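The letters A, B and C name the chains in turn, as written, and every chain counts its residues from 1.
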């Protein structure tokens, strides 16, 4: 386990309120460099809000956080340069080709032309997408899109990549290929911060946190969590914690 | 059973409309603001225009006319000119918009030859204003001539020809009221209906409705009726406002007018349904109705730019713009007091368009996905 | 057996892509029938055709005894919950329900008993606008709206997609109870683990049905052996296992790796000794029964060509 080494994300007493509604309620945790960190929780538990704070899109109401070595309150711009983000609905342009998408995102992150060219070729051959390079995104299969979206989110070699339900709706083989990519990234030292609704995928994470009603109710390795909750599977752990507390999201 | 279904649908539509306060505010606020804007902007512009007078006659007729022009609220005497040479400098100063020149021996010519000449020169760098000012001046001259000729035979003629007889009081807002009404009706009927149907496509509710026993004509009618009511009431507000605030007259038959309004709204509504059957989402519906409907309506209907002044190709194109026919009918009925015998042709054209759109819309709008 | 849905050779293409390729199956009265497959497999297209919202290019189906061209008859007999929960976000919970009741020519009171169990959870929020409900609540309301006219066949297109495991489990429990009342239910889902909730499932991929059977039968039929392994170093384990030449496939399944192999080659001892040789600690090697996901992946690979 890579549970030693430096922290790449440090969160202390982070709070986000919308009016009277507390979406994120005083959460604290650390993520180690190179770790695959699973961030689970029921719908409306506050996962998306927490992620949006960590990637500098929303400013927290209170608390302390350091992401990729930068302070969340004062250096949000620096954070954005050092992280990658792949949203639920992956952010590729449907009417651009594979290579055009890569070039576009590389350009956004300020990669120089010759470096970008090199990275683009590298990326395409890594993914085995040579035959798709001039294909429009809307014409390539969903699985490929998702893999490409992940690679594009990491084109600037970020320290951390945030993945928000990246595998929902894909077939089981592609889902596993996607996880191979995640492991590759982690092996190279990229920290992976991921949310998912597939409980078997939570087993692939080094550590998992489970959010319930804005708070982190559990955080440990999958094996420890199962022991702690005396459960057969992560599915059971999740159900024990996230009991039907149906609440209205804001 | 069937009727309850339909009324359920209607009720839902009205709920959508009334719940969306912001849109309601825009829909009712916009015509009011537009009417006020046009009304005041135009009356202000025409008030207190600087004129210069070159009086070579110096007789009672020229003095009389000058007094009349200046005593109207529209003109203000900026200077008296002494010779024709000064005309150019007066205009170059930029202060004077119009110069009125009375010929030598004006009174004498009128009394003996029954014909007198008055020259109206106006600063045409702003042609719209110039046109209006000239028209005002001519109307005042005409007025004078009429008074002059009371009882005299043969009548004297002051050489100015145009009579703006359907707009004697010379207020531009009259011309704009029909235009504003048309634009609003177009907006509410075509754009709002198309957006509201496209929204159901987006949320997936249309798919749920497709599986219901509702017939496609029930959905169409359920979408049409609320917006018909809405645009009709907005029209009434606009009409009321222009009558009571700006004293715009309705000279023709009010029921004929409302009948034509109804016809136009139906045309616009069927166009809206047609748009929504093509547009995949709200954005597209809005774009198509803006670009395909609002712009041509504003530019080619004669609302702002007179059709007669357009290049011939545009004049031809303007024939397929429903608003063109409607605006001309509105002006005929409201300002000229025209009756059925005058507007029946335009009505037929509009009715034909309504039938075509309605036919196309009902052909295209199916309770099916493609 | 009383068949409520019989589909024969339903085919549909969008431009050059075949969304459905001669799909045939039948669903019995009171059955909970699942279509399991990833996005783009053709599940939504199939449901749209069966609910007469879309026309098939060829093929036909009998839905509750009526042919697809008999749209009106079918539409009044089926309940349909499209992929995106189709609710009016600006109408309240109650108004949504009342609207769908009216459109189908009934009232909420008349059929309240059908939705009662689900609706009581929504009742405290009945004046809340649907747009402000959480995902799980929207899903329940959409289900109520699809049930309010007492349909004989219910089509639910991916009702659990994007919904967390807790709400998903609750939803399936609700479906189980609805089934008890005799309703025929067709559900589609991309989650393989939901297959066990169905009486029978059709595994569907790229417009083709790979297999139809009760989930237990599908897993029984699996022609290979599945051996689950784990050790303290899963990354290395994976690389080591990939070198095993008699392994047909190696896939991660939660904390285990699943190795499939021909029955004649399968031996847990061989794997165990290999792991020892490679220096793995805390190993666990066991022969297990295949799950639906094992079967699906196997069928996917064998249908590639």
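FYI, a contact is a pair of C-beta atoms (placed from the backbone, for glycine too) under 8 Å apart; a residue touches a chain by one contact, two chains touch by 3 or more.
Model, not experiment: these values are computed from the prediction.
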Pairwise touch network: line, ring, star, complete, or other: line
Remotest chain, chain C as reference, centres from CA atoms: B
Inter-centroid spacing, chain C versus chain B (mean Cα positions, whole Å): 59
Centroid distance [mean C-alpha coordinates] between chain C and chain A, Å: 26
Centre distance in Å when chain A and chain B are each reduced to the mean of their C-alpha atoms: 58
In the complex with chain B, residue positions of chain C that touch it: 48, 51-55, 72, 75-76, 78-91, 95, 98-105, 145-146
Residue numbers on chain C that touch chain A, as the complex places them: 37-41, 121, 125, 128, 132-137, 161-170, 190-193, 205, 235, 251-255, 293, 296-297, 300-301
In the complex with chain C, residue positions of chain B that touch it: 1-2, 4-5, 7-9, 11-12, 15-16, 19-20, 203-214, 367-370
Chain C-facing residues of chain A, complex: 41-45, 88, 141-143, 165, 168-174, 176, 179, 183, 187, 197-200, 203-204, 222-223, 233-235, 238-239, 242-244, 246-250
